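Written below as structure tokens is the structure these notes are about.
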Amino acid sequence: MPRRFSATPYLFLAPALLVIGVFILYPVASVVFYSLTDYDIVRPPVFIGLENYQRLFADATFWKALTNSIVYLVATPIIIVLSIALAIAVNRRLRGVQLFRALYYVPAVSGSIAIGISWRWLFDRNGVINGVLLWLGAIRQPIQWLAEPSLVLPIAILLTIWAGIGYYAVIFLAGLQNIPEELYDAARIDGCNELRKHWHVSLPGLRPQIVFVFIISSLAALKVFDEIYVLTNRTGGILDSGTTMVFYLWKQAFVLSHAGYASAIAIVLLVLTLGFSIVNVRLLERGTDTA
Amino acid sequence: MDGVGAMELPLPVETARPRRRRWRGRVASTLWYVLFTLIALVTVFPFAWILLTSFKGPGDILFAVPPPVIPHDWTLANYGKVLAALPVPRFFLNSILVSVTLTALNVLVTSLAAYPLAKMHFRGRDAIFYLLLATLIVPVQLTYVPSFVLAVNVFGYYDSLPALVFPNLASAFNIFLMRQAFRGVPNDLIDAARVDGAQELRIWWQVLMPIVRPSLAAVAIFTFVTSWNDFLWPSLMLHTRDEMTLPVGLAALQGYFSSDFRSIAAGVTLTVVPILVFFVAVQRYFVRGLAGAVKG
Amino acid sequence: MKTRKHLALGLAAVLAVGACQSSAPASSGPASAPASAVTSPSAAPSTAESASPTAAASASAAPLAADPAEAVIPNVEQGATVKFWTFYLSPTFDDYIKATIARFEQTYPGVKVDWEDHQATFQDDLKGAFAAGSAPDVINLSVGEGWVSDYATKDLLLPLDDKVPAAVKDIYYPGLWKEQLVGGKNYQFPWYQGISVELINKRLYEQGAGLSAADFPKTVDGLPQVCQTIKDKTGTVCDIRLTVSDLLSQMVYEGNVKVMSDDGKSFTFDSADGVAWLKMYADMVKAGTVDNTILTTNDDRVGLLLFSAGQAAFYQTGPNLIREVKSNNSQLYGDLAVVPAPVGKSGVVGKGLMGISVKADTKYPNAAIALAQYFTNPRSMVEFAQQVAVYPSSAKAYEDPFFASTPSAIEDSARPIAKDIVSKYADIVPTIPKKADVNDIVLHAVEDALFNNVDPQKALTEAVAKANALIK
């Protein structure tokens, strides 16, 4: 239907578009430019063509960071499964269950720096974990957890999972409470046991939450930084064992003062996220079709 | 009370053999409690450890096999040291200031933008919407170098709190969530208001906003938590003690007391406990708010 | 903050005596203190007069009183406010810093000082501040960690040689003034100096491992054997840290490695000396006798933490950090011995610890230079040394009777010999172009050799190739 031009919708949109334009669109454009320059933020950028990208492909640390960021995605399915299980567990009327829910929420609201500090102590050579293992006789020598290149990333992933479960469980809990009781009754009448009941009723009922959490937590996994920063004491770990894309971006831009090179990393990160999002959308569409 | 509390899901209670059922219920609930306690141990343990460490005096050994748990040389001196050295209350104030301002403004800006996208027809609507969606995939860290330059050269808010607020005033994610919420509102309501001659701004504020309150709460909660925990950008922007937010202050504190475990523990406790108390207090609203985020 | 691993061998006995806390250290070795007053370059009239404030300071009756003779920098900008950053000095030395600033503001009326201290994030903060154009005018930079050359090679610091009157320059030990030249120019006023010592936890080292603190290895290559014994007997590992932010310099001092060709055009640290240096550490990692996290941390305090927790047999640091041990673990403090740190193959005593630099584009160069100079002048340095076991950078300061007095606490046991050691500090590391990037390459090579089973020779040769490509 033809209508008169009205400025109203644009005025409504203006503040948001201004902010997004200035703080996302403009930066993306300038990152593309910076990635073609030698730039240290202090002095003006010098155009060097594709040199940063050429160096990137020959840079072992970059490949390590890329691999680590992709590996980090394993956190997502684990978080989803565990937080659904936790949501189902606490979705019952028991005295004091509210308190437990709150306790599970502790890591999520404490902030990544606080939990990072506490975890670094746990996994210190003289930390509690070694102390307990030695005491139980499970090990004879303390393990240098965070100095073991093969362990740094798994510990960081574990930390992310541990901190995320309580948070995402709340979302799933909210979803569970929206599922009509009659569906469970019907399942019971059909002779489903506890487990099958959840398989047939809870999981389909939680579909929107699962999609939501999947997107949120996988995007978060792709841009992990804080955990690595604290656990490795700002180094990225021995042999770059904990270095992720964002960590490497930060290190190049703000520690080594190679903002141009960091911008090239940023562009790769953008391409990676874009590719991942496309796959995401495809998977979700296919999932919806078969459901 | 116990009987009621011990019930599992509100299933139809069978009257046959009530005693046995009751007994089984008790066993089940005990098992649940055991399980819940175990999970709670896992989630709370590191903080419990930190809490206990923060009370340990110089006479307490921190490392031993088995690890010592209970302080023998109880003291509050570590807290005194932290508070004397760093303006922890100031960190709190800054964090609250930033998170509250940011959340309030962000909710306003994004729901303003979401309204036309959900309920109006105009040129370029789809283009704008897809452009916004596309920005969803831009990792925010990608923008930090240019944003740093902007903060220094254009806006001049480097090393001050506005540096944390302005870049985050709008997010495609929140616009998207609010658009979904507005779409759920029946058009009749809006049309009726228009017939009454209401301005669009009034319709948005008086008709739509009250209806989508659960979604607003969800968006507000997400924004608040994200802002409260944000570290990387604030750490790039804030270097003066009195301007620091909690996470940045905590990282500074870790460096400050780097060879003093007990004081770091006191610092972590000081920053974590108030926020925990707050979240336990508002837990109910929190769950309800998050329920508003994603609807089936 | 890690101080260098070098100390004159002949001083071992003196320190060991102090370590046992039994008697006053013999003053035979460094007894040249008064004599050096004659040789000290006191030709400058202004500094010659400042002998009196030094004496006044040690009397310390009125530490705040300003002395016009301390005003040695001319043409200080009126109405200037200079920003001053220090590293890890607050809160312990708040009183000292504030008092010195107050005295400075009296000495140079019309100049105000805006002081901030930064700790673990100092480097990140400073780089951010430089990027933001809001860097402090006067900056406390570590010479030991190579920070001065890092920033100087990026043209961020002010070369001082032409700006500072010759008479003022001459008060500092020449070795310290020239200890971190970049392109032949000096960018720092030598500030407080450290004397590397080895702190020994006698409970672990002597009772546990059956070793004797007095027989602590005199050279770095004795460490692997000691660490093996400690590991076998006590199950603890050695608390040793590489200078990860300045590895080439460590190779020079410890391994006597020639890191660059004479023309400064190519790197040569993959020589037999370089490989031997790296192999020693790689073997220790393989034997599991060192704490791997600490070996490659960039944070000196992490190693101190392990030692303070009573979990390491020894730790190399400056005596100024003994107070940290004391406040964290009073029991360990009682079990402490202090011996000279082992010397590397270069045999060179070592280089300085801290400097104060001025940023290149400061609005008030003279006021900034004045402040940097003021903190490093003899009077300020003596007062600082009276607070904690740090040592001045000029001969004049050591004339103060304080340095002839007999120390009682273990952390002061190096005081009588400090002058002799500090005056010999010298830079033997060539200027390294693109130092931060080259260091990053070396760090990766070192980590590869230590933790990735890469042959040290191969790792270093590859690093040399990469570093050469970088500076081409």
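Order of writing sets the chain letters: A, B and C. Residues in each chain are counted from 1.
FYI, a residue touches a chain if its C-beta (ideal position, glycine included) is under 8 Å from a C-beta of that chain, and two chains touch if they have at least 3 such contacts.
Everything numeric in this text was worked out from a predicted model, so none of it was measured.
Chain contacts in this assembly form a complete graph, since each chain touches every other chain.
When the C-beta pairs in contact are tallied for A-B and for A-C, the bigger tally goes to A-B. Taking each chain's centre as the mean of its C-alpha atoms, subunit B lies 44 Å from subunit C.
For the pair subunit A and subunit B, the distance between mean C-alpha positions equals 15 Å. Separating the CA-averaged centres of subunit A and subunit C is a span of 41 Å. Each of the following residues of subunit B touches two or more other chains: 62-63, 148, 236, 251, 254, 261. For subunit A, residues that reach two or more other chains under the stated contact definition are 41, 126, 254. Shared contact sites, meaning residues of subunit C that touch two or more other chains, fall at 124, 128, 131, 133, 299, 302, 309, 311. Note for the complex: subunit C touches subunit A at residues 123-124, 127-128, 130-131, 133, 154, 156, 235, 237, 288, 291-293, 295-299, 302, 306, 309, 311, 436-437, 440, 444, 447-448, 450-452. The residues of subunit B lying in touch with subunit A in their complex are 1-2, 4-12, 29, 32-33, 35-37, 39-40, 42-44, 46-47, 49-50, 62-67, 109-110, 112-113, 115-117, 120-123, 125, 128, 132, 135-150, 166-172, 175, 200, 204, 225, 228-229, 231-232, 236, 246-247, 250-251, 254, 261, 264, 268, 271-272, 275-276, 279-280, 283, 286-288, 290-291, 293-296.
On the subunit B side of its complex with subunit C, the touching residues are 58-59, 61-63, 84-85, 148, 151-152, 158-159, 235-236, 239-241, 251-252, 254-256, 258-261. Partner subunit C is touched in their complex by these residues of subunit A: 40-42, 60-61, 124-126, 141, 144, 146-149, 233-235, 238-240, 254-257. Partner subunit B is touched in their complex by these residues of subunit C: 90-91, 116, 118-121, 124-125, 128-129, 131-134, 299, 301-302, 304-305, 308-311, 324, 327-331.
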